[in-house]
Structures are given as C-alpha cells and as structure tokens.
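All chains are identified by letter, namely A, B and C, in their written order; residue positions are counted from 1 within each chain.
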Amino acid sequence: MSDSRFYHLQAPLFAHLAALAGEAELVYGNPEHSLGDVETLECATSADMAFVRNQAYLQDMTTLDAGLCFCPPGLETKLKALGVHTIAISDNPDRAFLRAASGLVQPRALISPDEAISSKADIAKDAQISARACIGPGAIIGEGSRIGPGAIIGTGCVIGRNCSIGAGAAISYSIVGDGVDVRPGAVIGEAGLGVIGGDAGIQAMAHFGQVHIANGVRIGANSTIDRAVFGSTYIGARSQIDNLVHIAHNVQVGSDCVLAALCGVAGSTVLGNNVMMGGRAGIIDHIQIGDGVQIGAGALVTRNIGSGESWSGYPARPLRQYLREQAMLEKLAASRGGDDDA
Amino acid sequence: MSDSRFYHLQAPLFAHLAALAGEAELVYGNPEHSLGDVETLECATSADMAFVRNQAYLQDMTTLDAGLCFCPPGLETKLKALGVHTIAISDNPDRAFLRAASGLVQPRALISPDEAISSKADIAKDAQISARACIGPGAIIGEGSRIGPGAIIGTGCVIGRNCSIGAGAAISYSIVGDGVDVRPGAVIGEAGLGVIGGDAGIQAMAHFGQVHIANGVRIGANSTIDRAVFGSTYIGARSQIDNLVHIAHNVQVGSDCVLAALCGVAGSTVLGNNVMMGGRAGIIDHIQIGDGVQIGAGALVTRNIGSGESWSGYPARPLRQYLREQAMLEKLAASRGGDDDA
Amino acid sequence: MSDSRFYHLQAPLFAHLAALAGEAELVYGNPEHSLGDVETLECATSADMAFVRNQAYLQDMTTLDAGLCFCPPGLETKLKALGVHTIAISDNPDRAFLRAASGLVQPRALISPDEAISSKADIAKDAQISARACIGPGAIIGEGSRIGPGAIIGTGCVIGRNCSIGAGAAISYSIVGDGVDVRPGAVIGEAGLGVIGGDAGIQAMAHFGQVHIANGVRIGANSTIDRAVFGSTYIGARSQIDNLVHIAHNVQVGSDCVLAALCGVAGSTVLGNNVMMGGRAGIIDHIQIGDGVQIGAGALVTRNIGSGESWSGYPARPLRQYLREQAMLEKLAASRGGDDDA
C-alpha cells in the first residue's frame, strides 16, 4: 500500500488500460477490473497491480488475491489457479509493471517549490530549525527535535521527539521515531538500486515504499539507507549505525545492533537483534542473520547465520573454521616456502 | 581537558553528587571533593572525573590522580592504592560516568540559532564566505580561506589561512591548520561509534574531544573524521586522504600519509609518517603502524606493523608471505582440480 | 585541452619563463617558444606544456609534438628524437610542471561570490531550481530538469534535459547528459588523489580535466566521481552507480554497467559495457575490464579481465578457480582440524 504522505495516488485504472500502459496483453479476467495501487504479488489485494518475473517466485505460494499481475508467457495458468483476478503477459513483466505503475502512483516532490520551510509542515513549537534547512509540506517535526543547518526533511516525513538531524542530512519517504540521531550528510529514503533489462538497455526500478526508523537509533555521517521497493526498510530500536554505511532497500535491522563504518547490507537481508558487524563487513542480499551474531571486520557474508554465532572471512565462515583455515594456510606456505621462492 | 571553545563547562560538582547523578555508590574519599571536568583515567587530574571498565585497564598503571573514578565492584582497593581521590562503584561504570558527565560538560550548539553567519565569528577580511554557508559563534576563519557554498563551520572551530572548505562540508569541534583542503561533503568532528550496554539496551557514548588537522592536509569528498572521546583525533601535515575514507575517534595519522578511497581506520589506531594505504584497505582499532608502511588495496590489518614493511591480504600478512600463500593455494587447487570438480 | 568553461587560460608563456616558473633548466629548443595550455605528453601539441616522470612512459611512443616537456635528467636525447619542441630538466618534473602550469591554467571559482544563482547561468524556463541551490556563471540547466535543495551546479557545468539533481549534490567541472539522476550528497568533478613527492613532503597534483556523464545514468547517494587529470572521466549511457561508490580520475565506465554500493574503481581503469560489480568490489588502477564481465561482491580485481568472464575473490580470480580454491581450503582445514586445534 503506497503511503499517501509520500505518493500521489492517481485515479484508478481499468485492467485493460493498465495492460495497455505496460504494452502487455491482457489474457485473463474482467478488462474493467479496477486497480488503485501497486504491491508485491504476495501482499497484493484485488485493488492492487503486481508482477512476477519467473516461476520460482510462485513456488511457495498457495493463494493470491492480486487485482492484476504482469507475468511472462507460460505462467498464466498457475496464476489463475492461485486466484489472481486479471493477468497481463509481457516478455518483460517488470518493465510492463513499471510503465503501468507510473500512471497510478507518483512520488511527491521532496519539498515545496515555493517555500524552503513549508507552511504546511507541522513543526513543534520548541523544535529548533537551523538556518538553511528545508522542510516539505506535510512533514511533522516532534517536540524538542533539532534540524541542522542545510538539512532536508522531505514531504510527509515524520521526525519524532528529541531527535537530532545533522547538517545537510537528506531525509525523504521516512518515518523516524523518538530520540533518533542522524548525523551530517546521511541520506535516508532514496530509491535503491534496482535494474530492469530490455532491448534499449537497462533502466532503474521505481520504488513505492518508505523507511521506518525506530526510537533511539543513530545513523552515522554520510551513511545511506534506501527506501523499500514496496513496504518498509526498517532499523530497530537503539541500533547504532556508524559512518559511511549502506543499508539497501527492504533490509530489516533488529534492535540494539551495531554496524561499524563502511559496512554494507544488500537488499532484503534481515538482521536479528544485537547483531554486531565489524568495520567494512558486508552481507549479500536475501540473507537471514540471527540474534546476537558477530561478524568480523571486512567479512563478506554469503549464507544465513544462526543466532549467537561468530563468523569472519571472505567469504565468511564460522570463526573457528576461519581461524583454522588461516593457520593451516600459513603453516603450509611456510613449509613450502623454499620451493615457491626459488 | 574539555576545550571550552566546543564545550560548556558547568559549575563544579561534589563527588557525592556526581556519584548520585551516575546512580553509583561513593565508597571512598571526601564526598565534597570538587570535580570540574572529565578525562581519561590516565590523564585525569584531581579535578577530573573518569571511569574504568575492568581490571585490564589498570594493568600498566603505577599512579593515578583522578578526582573521581567510576569502577565496577572489586577495583576499589587497586584504585585507592594508585592514588585516586574518590571512588564510586557501579555495575555499569561507563554508563554511570556518562550520566554524571552530562551534568558537567555539554557540547555547544553547532551554529547560532539566530544567525547563519554568527556575528561572534572572527572572519579574516579577505576570506571568501560563499552563499548558503553557516559559521558558528567563536569560529575563526584565517586569511585567504574560502568557505564553500552550504559548508558549515561549527561553533569555536578554527580554520587556518589559505584553506579551501568544499561545498556542504560540515566541520565541528575542530582545529584546522593552514592550506588545508577539505572537499565537498566531508564531515569532520562528529562523535564516533561508542556503545554502552545495559538492561534497557545499548546507548551511544558521549564524546568530549576534538579533531586536529595539521597544515597542508587534504580530506576527500564525503570522508568522515570523528572527534576523540577525550583529547584529539589527529591528521598530520600534508597527509592526503581520499574520498569516502573513515577515520575513527582518537586515531592518530602521521605526516605525508596517503589513504586511498574507501579506507577505514578504526578507533585509537596510530599511523606513523609516510604510510600508504591502498584503496578499501582497513585497520582495526588500537593498532600501531610504523613509518613508511605500505598496505595493499583491500587489505585488513589486524596486527601492529613495523616501520618500512609492506603488508597485504585478508587478514593482512607481510607481502612476501601473502604472495607465497596465494601462489601455493593456486597451485594446490590446480593440482587437485580434477578431484574437486568431479 | 583545458575547457575554458571550467578553467581560465592565462596569457601564453615563453618556454624559458615556464622553465623558470618550474625551477627547471631549459636545455633544448627556442626559449621564446610559446605555450598556451597543458596536456598529457601523448596528446600535447606544439602549444602545450607536458611532463614525463621516467623512461618507461616513453617506451611505446614513436612521435611527440609537445611544445615543452619537463623531464628528469637523461631523457632529453630521447625526447628530442621524438620531436618535442623544447625541453626543461628537473629532478622532480611533475612538481616543476605543476608550478609552471599554475601560471597558465587556473580553475574557475565554483560559484559566483555575489550571487547564489548566477545571472550568467542559462536555465531553461521549465527547469525547477529548489530553495538553497547554487548555480555558477556559465552553467546550463536543460528543460525539465530539477535541481534539488542545497545542490551546487558549478561554473560552466552543463546539465541536460529531464535530469534530477538530488539535495546537496555538488557538481563541478562536469558535462551531464539527458535524463541523468544524481542522488543527494553525490560529489562529481573534484580533483582526484594524485601525489607529488619532494624534499618538503608530499603535495597534491592539480587536475585540468572534467567529468562527462552520458544519458540516463544514475549516480547514487554520497558517491564520488573525480574529474580527470587531463581529458575526461567518463560514465556511459544508462549505467547505474549505487550509493557510496568511488570512481577515480580518468576512469572510463561503459554503458549499461551496474556498480553496487561501496564499490571503488581506481584511476584510469576502463570498464566495458554491461559490466556488473557486486557490492564492495574494487578494481585497482590502469586495468582493462571487457564487456559483460561480472565481478563478485567484495572482490578485488588486480588484473585485466576479458569479455564475458566472471571473477571473484581477494585477489580476484576466475570464478571457477576461486570456488575450487575455497572448497579445497575448507576440505584441507577440516581434515587437519584435529591437529591444529590441539
């Protein structure tokens, strides 16, 4: 469900017109089925438009209620059986979806073109708005919060109480809790990296979601947190994110996590509570990290990690294994040193 | 010693009131011992409040002069013997210290709430202040320096002569020498990542120090240099720090160092002079790097390195050893290729 | 050839005066040979000043037309034979060149000191310029483009049609195509990391080039793209560059490339078309990457890679080899586990 604080929802679209906008062929359902929003296929209701790239996405699904689904040829029977209301076929269903979606949902402008501090923002009396800051229409700034010089609070954003938003930080499409400390230069709420292929070259995927930051979180200087494609990217309570960290779209970070500088967490990965990532560590996309996991500096995590474990290395392995392998490598190389240097 | 250009020192506090503020128990010394500032335990004088987390910190100490030390149960006898004036016990001494310290030392506001360019700043006549810049009260801008559009020079900061501060750079709690070149988006002087645990979840450690940048240094675009917890983070003369580099709190970088893009140096690590770090290299915390050391691109340094050495790898090893291990691994895998692929 | 939109070209200089400015000795050619610009030695015409560091640079050259070349002792005979018009000798030819060049070519100021939005900028009627933005003299903003709050478009920059320049982005020395999406905090056009040694310590190399960004490119939040020393750093059409990515001076990126977050590409490296770099991957300087190459997350590329290959690892190897080595290492360590743990 696109949040109307951040997105303009246009007039609903008939399924046959949505298919037309997507240059796709409506092959099933009532052409005048009405569509009002966009969603993931899993979460879509009968009023939502969605898409699916391939059979694999459908694997674990037992029922679907999407109003319209763009799909590649061959999936229509399966989708019909799952309960999708109308179906449109395209060789490039994500591109078709993107085209149709732009007629349905449009992001609002970051700030008003006329006022640096919008008269339609709701700013608590004792909030401090520094010189050069910009605040968009519909934004809410809570009691006791300080907005730094040159910081941008975009249209519809909510900043809780007693927050500190650093100089030049740019926040858009975001709901921010109480006592959150965002450092200078942090960029929160931009669309993430999503790429759609096609004959005319690649193209960026639009994003329809937001960022949700819980109470007491710290976001370091020049760190970036992208908004979700659908739904929310989430940072749990009190988590401390250092400088120059990247959190991709749809990532879920638990509470009381510590991510040291230059870490990266790729799309849709989920971190439990009390996770610690050393500096420059990374986690690839769609990974599950349990509670209390410790990840070594510079490690690259490519597999799920169970609660309480410590991993390190490139690629990351359980710490004990990693240390054993390093020790063995060192020993072997030392014993063969004479040969290899010769 | 908290620098009054950056911090408000409140009225002195009696030891028993400091202990009360920290929810700790004063177990030794004159309850009316007067405390005026905060410091590390090593450097604290009789007017300073300090803390210690565990026995290990006391290991090499022979004498201490701290006015008040927060410590966990069991360290009071040792602290008494070392000369500490008053002692307060807490299960969470750093949290106790943090609570008490906030009543003693408060960071000043980044800029004046009333004026983008403070009338209380001391700006050289021929300095160029670009549109949209902000300069806090007590800041000093030297002759011939240029402050870029949207740049922030925080309260009390000193910018030397002939400096160039890039667009949108945010400098706070910093003393900057002559001829320093800070590129756009750099963030200098923020509090670093320090975490205090506790029953109610984690919390950020306050910082009471500053950043000191010597003459001729270059700080790249969007790089971040955190201020010290106590004392100074230091960047030595002429050192060239590339874009997107992170320098953590209390790091000391020597002169004529070159740190390529995306490097990270963790807390309290010390680099000698003429150190070269290749791109995306990292050094963990509390490490000593000698003069003239060369660190390969992408390496992760986890041990001290002596002057003049070249190291590479993950984790970093002496270059010769690293190359030997790589060659051996390659050779072994090639010779066993048939088996493992089968 | 220095682009006069970005650089002031001063009055031409006689060769003997250029040598004098560089504290070098003119040892060959007409002292009154006239010099009007700077260039690489390969591209220099008879009106250009250039330099060469050592014999290796001359290896593959068959003819040179430079007006003046600064060189270390011993190269004059070779340079004469190649056709250089005048020659000046210095023990530190790049420093000599730098000194002389500063009398010939000067970068223009980022924005006008008097106007945040220069009256000498050429801004399309329907372009949207947000509050707090700054636009330098001679800049061109195309139809339908939006310049975000606090964004800086430097003197002489060209922004094409239907571009979106994010909040606080700082663009200088750049030619940007149509439909380009630059996210908040991105810094484009700064001088790269170039270091000149000498008795008095190191010093930064001046840059005389620009950045050229083709149509449809996306540059992520807080990413940095440095301008070339001479000529252009180039980003090809539709390439999608994620957040916190560093692209160094003189890099050439092809079309339809995808560089995930925290990647770094070092100086003068060339990427073909459709190259994919996983998150936190890096490529060292002066490397050639073919079309369609895939580089794994966290990999460090240190060798040229042919078209269509997949590489991963630190240092990067062909994917098949990398996986074989990892599997072998794991197996070996497991089989020896008993010994090493003991």
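Rule of thumb we're sticking to: a contact is a pair of C-beta atoms (placed from the backbone, for glycine too) under 8 Å apart; a residue touches a chain by one contact, two chains touch by 3 or more.
Keep in mind that what you see is a predicted model, and the values were worked out from it rather than measured.
Novice: Which neighbours does chain B have in common with chain C?
Specialist: Of all the chains present, those in contact with both chain B and chain C are A.
Novice: Validating interface symmetry: for the copies chain A and chain B, is the fraction of residue numbers used by both over half? Same or different.
Specialist: On the two sides of the chain B and chain A interface, the residue numbers are mostly different, under half being shared.
Novice: Cα superposition of chain A onto chain C: how big is the rotation, rounded to the nearest 5°?
Specialist: 120
Novice: Just give me the whole-number Å value for how far the CA centre of chain A lies from that of chain B.
Specialist: Once rounded, the distance between the two centres reads 31 Å.
Novice: Which residues of chain A are in contact with two or more other chains?
Specialist: 132, 150, 168, 185, 222, 244, 262, 280, 314, 329, 332, in rising order.
Novice: In the complex formed with chain B, which residues of chain C make contact?
Specialist: For this pair, the touching residues of chain C are 110-111, 113, 115-116, 132, 134, 150, 152, 168, 170, 185, 187, 190, 192-193, 195, 201-204, 222, 224, 226, 244, 246, 248, 262, 264, 266, 280, 282, 284, 300, 302, 314-315, 317, 321, 324-325, 327-329, 331-332.
Novice: Could you list, by residue number, the parts of chain A that touch chain B in their complex?
Specialist: Within the complex, chain A contacts chain B at residues 128, 130-132, 148-150, 166-168, 181, 183-185, 216, 218, 220-222, 237-238, 240, 242-244, 255-256, 258, 260-262, 278-280, 297-298, 313-314, 326, 329-330, 332-334, 336-337, 340-341.
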